[in-house]
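Structure below; questions to follow.
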Amino acid sequence: MFEIKNLNASIQDKQILKDFNLKVNPGEVHAIMGPNGSGKSTLAHVCAGREEYEISSGSVGLDGINLLDLEPEERAVRGLFLAFQYPVEIPGVASMTFLKSALSAHYKFNGKKELTIPEFMKLIKEKSNSLNISDDMIKRPLNVGFSGGEKKRNEVLQMTLLEPKICILDETDSGLDIDALRLVANGVNLLRSKERSFVVITHYQRLLDYIEPDFVHIMADGKIIETGDKNLALDLEKTGYNDYIEKDI
Amino acid sequence: MPAIKETVEQVLDIDVDNYKYGWSTDLESERAPKGLSKDVIKFISNKKEEPEWMLEWRYDAYERFLTMKEPDWAKVSYPRMDLNDIYYYSAPKNTEGPESLDEIDPEILKTYEKLGIPLKEQEFLAGIKNNIAVDAVFDSVSVVTTFKEKLAEVGIIFCPISEAIKEHPDLVKKYISSVVPKSDNYYAALNSAVFTDGSFVYIPPNVRCPMELSTYFRINDVNTGQFERTLIIADKGSYVSYLEGCTAPKRDENQLHAAVVELVALEDAEIKYSTVQNWYPGNSEGIGGIYNFVTKRGDCRGDRSKISWTQVETGSAITWKYPSCILRGDGSSGEFYSIAISNAFQQIDSGTKMVHLGKNTTSKIISKGISAGKSSNAYRGLVSSHKKAENARNFTQCDSLLIGNNCSAHTVPYIESKNKSSIFEHEATTSKISDDQIFYCCQRGIGKEDAIALIVNGFCKEVLQKLPMEFAVEAQKLIGISLEGSVG
Amino acid sequence: MTVKPSNKTSQIDQEILKLCNDKIDSFLDYNDDISVIKREAFKRYSKKGLPNRFEESWKYTNIHKKLQNIPVSDKNYPIPLNVDNFINSFDIMSKIKSDNDILIVFMDGQFIPELSMLEYSKNGIEINFLSHGDVPRWASELMINKHNVNEDPLFDLNTILMQEGVLINVSANVKIDSNVYIIHIGNNDGFFNYRHVINVGKDSHINVTELKVSNRVNDALYTSSVLWNIGDNAIVNNVKYQAHNQSTVGFNQQYADVGSGSIFNSFTISSGSKLLRESRNISCNGENSEVSISGVNLLDGESHIDTTLVVSHKAPNSLSKEKYKSILSDRSRSVFQGNIVVDQIAQKTIAKQSIDALILSNDAEHDSKPELEIYADDVQCGHGATTGQLSEDSLFYLRARGIGEDEARRLLVHAFISDVMEEIQDTNLRNVLRDVMNNMLNRVSKGRLNV
C-alpha cells in the first residue's frame, strides 16, 4: 500500500505541498488532475526523492516504510517508479546499457540472480516489441535524439522491465499525438494488476479515456480539493478548473 | 543543486591514497651514481654494452641538452626537479640479460602478476590468457620479452631496444631520432642522452602482426627516473597494434618519467598505439607522484600510411604529453583518441599535433577531459596544413567535463591552414554532469556513484571504442576506479 | 628620463622608443593623472618594447615584418572643405547618417570641428576632448583603472602617445535612438594615436558607430584605444566599419566592462590594411549581462588582420557569444585568437564562440586559436572553428542548375557571411552595410576577392 500523509514541501521558501494526503491500495489507479502550478509535478518529484525540495513534515509510505528516509535509488528498488514528464538525455550511454544497470540494481536488491546477457537480450526484445520499440532505438544513447513519443515509450519499457509496485506517471500524455498516446496507454494497461497501483498525473482528461482510473482527485494549491470517480474528470473537462477552485475558496 | 553538491563533497574526500598499484617490490638494485654527467651516460652505455656509435650519439644529445631550457608554456606548475638528484640507471640485480623466464627474479614475476600482466608464455600457449606478446620494463631494464620466437618466424622483431642496438644496428641507426630529433625539446634531449631501455619493433613488409604487442613499464626504485625509448617501424603494407601500460609505487617524492616514442609507418602500413597510463598520481594532498614528460610522435612517411594514437590518462602528478602525427605521405591519415582524467592535485596538459604535409591527408581528434578535485586539465592541440597539403581534412572534437567547483578545464587548440583546399573543423564543449541525469539514473535504482561512472563512461564512449578489446575492459575499470575515488 | 635604445632592437623599435622618449619629456614636470600614467606607461614600455613572435599572443603576427619605419609625412593634403562634401565623399556615410546624429570626426590624429556635428550632444550626453586638457575625473579614473591592470605594451604605447580622442559621458537613464559616429580619416602619412573613453550610465541606451577609412593612398600607422564602461541595465550597440588602404598599419584596442543586466553588442567589419591588430577585452562584471562580439574580415592583397579577443566572465549568469567570419584571398593572412575565461564565481555562464574562415586563394593563410579557460563547473561553454574553401558539391549543384561558375561562387560567398550580419541590431545600418559588403563581394571571381 502507498500512502502519503500530511506532506508539506517547499522549494526556495515557497510552500508547494500543503498537508497533502493520498492513500492508494494495491491494484488501484488514481488520477490527479489540476491546473498548472497546483503542485502535481512537485508531488511526483518529492515522492521519488528529488533533493531540491525541503520537506518540513509528513511521510510517504510504501508497504509500511517511509520512503522519505531513503535515497532515490533505494526508493526505486523498493518499487517506486516515476515516469518522467521530460525523460533526461544521457549522451554516450546506450539505452541497453542503462536498462541492464537498472535491472541489475533491482535484481540485486531483491536477491534475484542476475540475468545472463542472452536472457537479458531476450527479455528486452520481448518487452520492446509490444511497445513498438525498435532494436535500433535500444542501441542508441539514452533518450538522445528520441522523439517525444519514443521517449515516453522508453519510459513505459523501463516500467515494464522493472516491475514496480507503485507507478507515478507525470504528465505522460504531454507532447504526444493520439497514436503515440494510445501506444503508451496500452503499455500501461498491460501492466495493471492486483498488486500494482498507479498515480496518473495529468492536466487533461484525454489520457483517462485510455487509462481508466478508479479515483479522480482534483489538486489545487498543494492539496486535493475534490475526489470522485472517472466522471469527475469528465465534468472537469466541461467546466474547467476554476469552478472547483472557487468553490473550494 | 544538492545532488551535485554532495557529489562534489564526495569528490573532496577522494581516496586517491588508495592507488591500487602503490606497493613497491623489495629488490636489490644496481644503480648508476646519482646525477647527470658524461660519466653517468658512459656508465649506462657500458651497462648496455652499447657500440661506440651509440655512446657518441648520446654524448651529442647531452651537449644539445645542456644548451636547452625547460619549457614553461604548458598549463602546469610544479617545483622544478633537480636533475642531479636522480638516479639515471637502476636495474634489479641478477636480471642482466635474462635468457628465459626461469632466470628472472621471482619477485619481479610476482610484481607483474599483481599488476595483472600475463608474462608466462606457457599460460598463453595453453590458451589461458589472451594472445599478447609482452615486453616488460622494470625501472631501467627490460626484464622479459615474451613470444619472441613465435614472432621471429614471420620476421617480426620485438625486443628491448638495448638488444636492438646490438643486434639490429642498421635499423636502429636508420630510424632512431628520425621522427623525434635529439634536440626536439628539453625532455627528448634528456631522454636521448640517458635512455635506458624500451621496446623495439620492426614489422617486415606486408606482414600483419598476428598478436597485440605490449610493453608494461614500472618504476620501482626510489629516486629513479625512467627514460624509456620506444621505436616502432612498420614496413610497407604491414600492420601492428601496440599497447603500453605503466604503473609506479607510492613514493613521497616526485619521480621523473621522460620517454620518447617514435613510430614510422611506411607505404600502406598501419600502426595503432594504445596507452593506459596509470602512473602514481600523488596523494590527496598533492605530495609525490610521477612527472610524466613524454614525447610521442608518429611519422606517416609512406603514402596511404596510417597512425592511430589512443590514450587513457588517469595517473601522474603532471602529464605533459602530445602524441602527434606527421602526415607526410600522400593520402596518409592520423588519429588521436584521448581520455584524460585528473583528480586531486593532478595537472594534465595533453593533446596532439596533426601536421599535414602530404596531399589528401586526413586526421581526426577526439579528446575527452574529465576534471575533478583540485585538478587542472588542459587540451592543447595543433592542426596545421602545409601549402602543398592539398585537400587536407581534419575533424576535432574536444569535450570537457567538470566534477566540482575547484577544478578547471582548458582548451587550447591551434589551427593553422596554409592552403585553400584544406578543410578543418573544430568543436569544443565544456559541461558538467547534470543533476537531472543523476536523478534519472537513481530513480531507476542505480546508485549515485554508479550513475556517475555510467555517465562518464558514456561521455568517453567514442574513445573507449577505439581501444583494443583487452584494453577497453581494463580502461573502463580504470575509469571506474578513478571515479570510485573521485565520487566517494 | 632617457632610455638608450639597445643595439639588438630593430629600426622601428628604436624609432618608436625615441619618439616616446621625446614625447614623455614634455610630461615630466606635471603631476596630473594623465602625465603620471604616461610616465608609468613609458617605464613599462621601455622595458618590453614592441611585442615579438615569441610571446604567445603574438605567435601569428610579426609586427617587425610589416612595419620597418614610422611613416613620415612629406606632403600635406588639406582637409576636405565642408561637412556635406565630406559626407557625400563617403558612400557609406551618406547612406547611414541621419539628421539628428552626433558626428565626431578626426583626421590624422586631430579633431576636425569643421566636419563634426555636436549640436545634438545635449540631453545627458557630455562630450569632451582629450586634447582640451582638463580631462574630467570620470575619464581619468577609467583610464587609470585600465592602465593599472594592463599588460599589453601596445596599450602602454597608446597611453604614452595618445594625442586626441573623445570622452563621452552618458548620464543615467538616457535613451537615444540616433547614432553617435566616431570617424577616423587617414589623409596624410604619419603616426597617429587616439584614445576614446565612453561611459554609459545605468539604464541608458546608446548606439555608437565607428568608421575608419583612408582618404587616399597614404602611409599611416596608428594606435587607437576605446575604453568602455557600461553601467547596470544599459544597452549599447556598437558597430565598427574599417576599410583601410594596403599601406596602413593599425593597432586597435577595445576594453569593455559590462555591468549587471546590461547588453553590449559589438560588431566589426574590417577590410584592407597592411597590418591590423584588433585586441578586444570584454569583461562581464555583473550578473545577467549579455555580450555579443562579432564581425567580418575581408582580406586581399598582402593584408594581415589579427583579431585577439578575450571575454571574461566574472559574475554568475552571464551570456556571451562571439561569431566571426573571415574571407581571404591573394596572399592575405588572418589570425583569430579568442579566449573565453570563466571565473570560479561565474556559475551558469553560457559562452559560445564560432570562428569560420573561407580561404579563396592557395597563398592565403588562416590561423585560429579558440581557447576555453574554465574554472566553474556549472557552465555551458563551447567553441567551433572551421576553415575551408567553397564546397565543391554546392558549386556543382548550382552549376548543374544552370548558374555560371562566377555567379555560383558569388552566391556561396554571400551565403557564408549572411548569418553573421544579423548580429547588427540597427536594421538600417545592417542593410547599408550588407550592400557595402555585397558590392565588395560581387567582385569575387575566379577565387579572387577585390576588396
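Observations on the structure shown:
A, B and C label the chains in the order they appear, each numbered from 1.
Methods note: contacts are C-beta pairs under 8 Å (C-beta built on N, C-alpha and C of every residue); 3 or more make two chains touch, one makes a residue touch a chain.
Quantities reported herein were computed from a predicted structural model and do not represent experimental measurements.
If touching chains are joined by edges, the resulting network of the protein chains shown is an open path. Looking at B-C alongside A-B, one finds more C-beta pairs in contact between the chains of B-C.
Chain B has its Cα centroid nearest to the centroid of all protein Cα atoms in the structure.
Note: centroid distance subunit A to subunit C, computed from Cα atoms, is 56 Å. Rounded to whole angstrom units, the spacing between the C-alpha centres of subunit B and subunit C is 44.
Subunit A and subunit B have Cα centroids separated by 48 Å. Counting partner chains per residue, subunit B shows two or more touched chains at residues 1.
Subunit C has no residue in contact with two or more other chains. Those residues of subunit B lying in contact with subunit C across their complex are 1, 4, 8, 73, 387, 400, 402-432. Across the complex, subunit A is touched by residues 1-3, 6, 434-437, 439-448, 450-451, 454-455, 457-462 of subunit B. By the touch rule above, subunit A contacts subunit B in their complex via residues 48-52, 71-73, 75-77, 81-82, 84, 87-88, 90-93, 97-98, 101-102, 105-106, 109, 141-142, 158, 162.
Subunit C makes touch with subunit B in their complex at residues 56, 60, 344, 347, 357, 359-389, 447.
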